[in-house]
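The following block contains the structure, expressed as structure tokens.
Labels run A, B, C, D, E and F following the written order; every chain starts at residue 1.
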Amino acid sequence: MSGKIRLINGNGLRVDGRRPNELRSIKMEVGVLSNADGSAYIEQGKNKILAAVYGPREVHPRHLALPDRALLRCRYHMAPFSVEERKSPAPSRREIELSKVIKEALEPAIFLEKFPRTSIDIFIEVLQADGGTRCAGTTVAALALADAGIPMRDLVVACAAGKVDGVLVLDLNDIEDKEGEADVPVAYMPNLGLISLLQMDGSLTIEEFNQSLNLAMEGCKQIYKFQKEALRSRYVTIKEEVEECLR
Amino acid sequence: MSSIMVSRIRQKQIAQMVASGKRLDGRGLKDYRPIKVETGIIEKAEGSSRALLGKTEVVVGVKVEIGDPFLDRPDEGVFTVNSEFVPLASPEFEAGPPSEESIELARVVDRGIRESKAIDLEKLCLIPGKKVYVIFIDIYVLNHDGNLIDASSLASLAALLNTKIPVYVVEENEVKKTNDYIPLPIKNLPISITLANISDKLIVDPWLEEEEAMSARLTITFDKDNRISAIQKGGTGALTPQQIMEAAYMAKEKAEELRKMLVKT
Amino acid sequence: MSGKIRLINGNGLRVDGRRPNELRSIKMEVGVLSNADGSAYIEQGKNKILAAVYGPREVHPRHLALPDRALLRCRYHMAPFSVEERKSPAPSRREIELSKVIKEALEPAIFLEKFPRTSIDIFIEVLQADGGTRCAGTTVAALALADAGIPMRDLVVACAAGKVDGVLVLDLNDIEDKEGEADVPVAYMPNLGLISLLQMDGSLTIEEFNQSLNLAMEGCKQIYKFQKEALRSRYVTIKEEVEECLR
Amino acid sequence: MSSIMVSRIRQKQIAQMVASGKRLDGRGLKDYRPIKVETGIIEKAEGSSRALLGKTEVVVGVKVEIGDPFLDRPDEGVFTVNSEFVPLASPEFEAGPPSEESIELARVVDRGIRESKAIDLEKLCLIPGKKVYVIFIDIYVLNHDGNLIDASSLASLAALLNTKIPVYVVEENEVKKTNDYIPLPIKNLPISITLANISDKLIVDPWLEEEEAMSARLTITFDKDNRISAIQKGGTGALTPQQIMEAAYMAKEKAEELRKMLVKT
Amino acid sequence: MSGKIRLINGNGLRVDGRRPNELRSIKMEVGVLSNADGSAYIEQGKNKILAAVYGPREVHPRHLALPDRALLRCRYHMAPFSVEERKSPAPSRREIELSKVIKEALEPAIFLEKFPRTSIDIFIEVLQADGGTRCAGTTVAALALADAGIPMRDLVVACAAGKVDGVLVLDLNDIEDKEGEADVPVAYMPNLGLISLLQMDGSLTIEEFNQSLNLAMEGCKQIYKFQKEALRSRYVTIKEEVEECLR
Amino acid sequence: MSSIMVSRIRQKQIAQMVASGKRLDGRGLKDYRPIKVETGIIEKAEGSSRALLGKTEVVVGVKVEIGDPFLDRPDEGVFTVNSEFVPLASPEFEAGPPSEESIELARVVDRGIRESKAIDLEKLCLIPGKKVYVIFIDIYVLNHDGNLIDASSLASLAALLNTKIPVYVVEENEVKKTNDYIPLPIKNLPISITLANISDKLIVDPWLEEEEAMSARLTITFDKDNRISAIQKGGTGALTPQQIMEAAYMAKEKAEELRKMLVKT
């Protein structure tokens, strides 16, 4: 994070014209893939991410099955064409770490104990990456879980806050992430008031961190509305389809 | 009833319908499912597309880099086709190194493009023997409902037609990127048509359950002059020479239809 | 396929002196390896290929076993010294694809349903490659299956036809394969009249393809005679050995 | 009684003790286990250290080579952090490619060093764009008794402080090694503090059985100016924002203690 | 082994000042790791090597279990920082071979038949390498086995002899190993009088080899005393700890 | 009767026979199986051979390329020995990365060649520090009936003696291939002899069932001057020093026999 590029202009606006506490444009859709038990798609800025859920289903290989709850697995993966330089399809160390933290962000929301000896597999595919893919990936995976009918304590919604050119900002894009002073990705369960993913890199005082955390939670609450709306339209669509069949 | 028995009964049902000239999803034997092709969907890729064949969905991204030519083709650019069966596309797909099906798919698409000379590789040389364009065609299967080959071939061609390559200038045996982009030079339009043999009848564009019921599969790729560029038989059954020629003529007809449709979009 | 090299001379003969519809010299031997349940060796031009069959035997790993038939597996592999530039011993994408198409070429000939819950493993090792190894590999693997006593509907025999310098030719060698205009490898079951492997690359009209297909089938029928002769001499040898033991 | 039941009972016991402000090993909630750091233990490495956190034992070796800079940082040296969970350290560790835990550990340690700018990378460039120092930091876990992150961070920092790099001279665009060595230029001292949430109470430095009983883990890395350089939440549970801030203040306090202790040694 | 460097000086002493039949300084400690069932540490010259033993324990994966004895497994591994040039952590071919010969050196000493269907796993980690790591690794692994309470016919102790500058020498260090004329690593069970590891590379007459073998066995006998002493102090320590507890 | 019990009975039978100085296949304790060596069997390889030791069959191919020397041996060519236990050779062999047996085999053969200085590496340097010949020796086991080490060593040596290397000319610090070939410079002839300990008797050239019955195996490689170049003990048993010296003298005798035989062919 060198901060040589000017990321906040004279009017206090960001490189893409947003105000500091403004989210990027967001589009979500639920139930986009026919094979998966649940699926969803998100566009957040230029991020384009798909998530699919398979399960609860038989665990393979079997010896991994847990006697008292479902095994939750998560794979976060980037398409070779999702970034500037073509990425090898083999999972990088970064992708392996993010798979772990996203799994741990979603796990507290799921009633895993209802499905012993099964697995619930979450697959997140980043088709285009523009900063904040772990957060958008978490948000869309929560939708796919809901679409799969997996019972959940709450939705999980994620958003980053951070600091660029000395200003605390919400929902960093790629260049703000790379050139800014700090990035704080947060996953939040709004009804439970709990944080299930938290990372940070950069340099912040404790007070700045506290403000960033609160800013990120505010962002999460806004995105949560999009999630609920996306689930509602999916439900309406299904209802219409069923009614059409019954006609 | 075990799932194996269920799938047997289903396969029998499909076979009986095909025998009487019908298909479970209401299509005629020579009908494709609805086809939809979008391009430019991945702004960060130099070219991209998304093809839907019924519920089968494939995204292709094209990335362009600079690299070394092959030793035996010093004056030509290079392209590679790679395919990922990502596990969100099907309960049968697993994470890990590419399966043999995925490798076959990529190689069949590759052969269609290569043998029809679809990409004008001679125009992709910057410094002979040293620097050429390298075109990565990445096929990403998002939902597998059968006939991945045709969906992937179509998406790949659409993505190539959509590809812009950055212009480089050569200065003192080094290449320097400019801000200009030109279209990737394309000189042919290979179209793959896949047929399946069920109950000794040929059907086009098998969907997933038909693929499970078929004894053999035949993919024939035609170029813009109606010449065959590539063929691939798949599946554990066999075909008569008569069936093969019947398939070839049927495929030629369908290829013309699809090419027209693609050029329109 | 650039076609810059002259592949057919003024007398209509090919680079190795053959006529267009002439096979390369062929040598086959059955029962060449003592450990395998069945084995065979072929030389076709400069191709030198061994095949071995193990099975029907217990499937390993067990979960791959099929309840109603044998699991057929095939590995086509090239020795590092089999080609001009040393090849890494790790299987290439080409080898993986050819393993699949050869397996599918042999499968329709085998009564797999007679051996449920077992595996039949075919190993093809190319010791020297000179064009047409998938075809010669299929031919020799069929012999190894017969040598292993696996009941078959028919032998499988394979041969390529293709086009070089505008002429349709049989059984392409390495340079004809690389520099010619088209290559059509075909596997054929002569008694059943069925084609179980068919690939093509290059450029052919439908009519040329039809002729190539027929030419390849004619080649297969000739090679089929060598196969039967090789099996016959193996049978005679075994008979003599048995009689010697009984004497 | 199955081992799962035994461990359940044990976890319950630990949770009850923490709920009442006590720990199984007698420590207070904010107490670290005894810490011991030695340096220079691997003479063949350019830097090395061994850190003990109770029974948790980690060795870190630093190797220095010459290599290429990253394209986007032509004037800076390069460092990488790698971690091996060698199977002698725990019955749970297996030989083979690094586990996700091992990768996470290395990346958390890496971020602490990188974001606090602990290594002065700008002083590690020999020929801009061409030759820079490459620093390999290898974390070797020898005995796993919990809180590998803090032990590894501490050992890594101690090893870096112990590192001597060979001096190179640049002659005609080539680098030549001399016999001189200078200390690796260090400009910050990041200290990681890990806390665990058990029974909704925060404890520092969880040992192995506490890690099994905790719902979530939080690691916060402070630099020498008491600024936060890195945070990593772990574990399958969640935390309230209040817990997080409480953890941050607690961690700041402990980081100052540990930094003083490290500088003394 | 080029022998260009002078390895024996005018006084007949070696590069590190030793006499030809003199061992390097040796330090051993038993019971150094708390998780392992048995463990030990050795310093021999600049070699620094840890060994740990887990077992007898359940075999994983299960199908490897033997019906009539324990499965013995051994992994010899070098830390990336143990040698001059950083070593990749992936096991090299050399490490795989040494794992095998060390396993075979230890196996004859262990009563494996007492623990059918279990595994005994030996892990050797070279933290610093200075020539003779396979021997020091074998010596320290035998201590770890004893510390794990695995019943043994005898301890196994290993040491190399070899030839440098025309002189037969004991316990070669790194430079003597690389620049000398021959290296003969030997593992010996002193009470049984049996040799369980023997390798050699270089150039020796049969007579020189015989002398080297005897020299190595002499070295083994000396190291054996260190082994017994290390075990004795471990036993005393444990006894004291137990007595303290009982007080 | 289980196959394990069958093989136990068989092993006991072999042990009893050897104890009384006999072998199941009628050989004397010091007899090799019939040996057959052919060379030049792979025309596309620069050198090749096929060795039969009874039913054990090994093919070795030698490929020659141009590459970089090792940093510490800038004036010498490079060779590597690789071994493949291809699954057609034995029901015990599996496809995949090399097994530890396969790696041991390659390394023992490598040491015999390297330590006896069989290949004159100093003659394989083209541009010191930059371009040298790289010799790939690939051992391909085709049928495993015991004593792969001796069969592979013999086949490797025969293939090296059969190898022709292309002549290169050096022009302006670049190498250019000519059409000429010269024999690979060979200056020693290492012969490996493998003995097995069964019933405390030594036998040479164990076949497969003897390998299963033996307690230990000893391979000793002699060079043309009857000096030992390499030794490798294998197997899970141990040997007395007396047995080892007895084996050494026995091996020396057999090595002379085999060398004479090889030179004749």
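Note that contacts are C-beta pairs under 8 Å (C-beta built on N, C-alpha and C of every residue); 3 or more make two chains touch, one makes a residue touch a chain.
Since the model is a prediction, treat every value here as computed from it, not as a measurement.
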| item | value |
| --- | --- |
| Subunit C to subunit D, fewest steps along touching chains | 3 |
| Centroid comparison with subunit C (C-alpha atoms), farthest chain | D |
| Chain of greatest Cα-centre distance to subunit B | E |
| Chain centre separation in whole Å, for subunit F relative to subunit A (CA means) | 58 |
| Centre-of-Cα separation between subunit D and subunit A, whole angstrom | 27 |
| Chain centre separation (subunit A, subunit C; CA means) in Å | 52 |
| Cyclic ordering of chains (reference subunit B, direction subunit C) | B, C, F, E, D, A |
| Touching residues on subunit D, where the partner in the complex is subunit E | 41-45, 48, 55, 57, 59, 61-63, 65, 82, 84, 86-91, 95, 136, 138, 140, 142-145 |
| Subunit E to subunit D touching residues, read off their complex | 33-36, 39, 46, 48, 50-52, 54, 57, 75, 77, 79-86, 89, 91, 121, 123, 125, 127-130 |
| Subunit F to subunit E touching residues, read off their complex | 4, 98, 100-101, 103-104, 106-107, 111, 114-116, 218, 223, 226-241, 244-245, 248-249, 252 |
| In the complex, subunit E residues that touch subunit F | 1, 67, 93-94, 96-97, 99-101, 104, 107-108, 184, 189, 192-206, 209-210, 213-214, 217 |
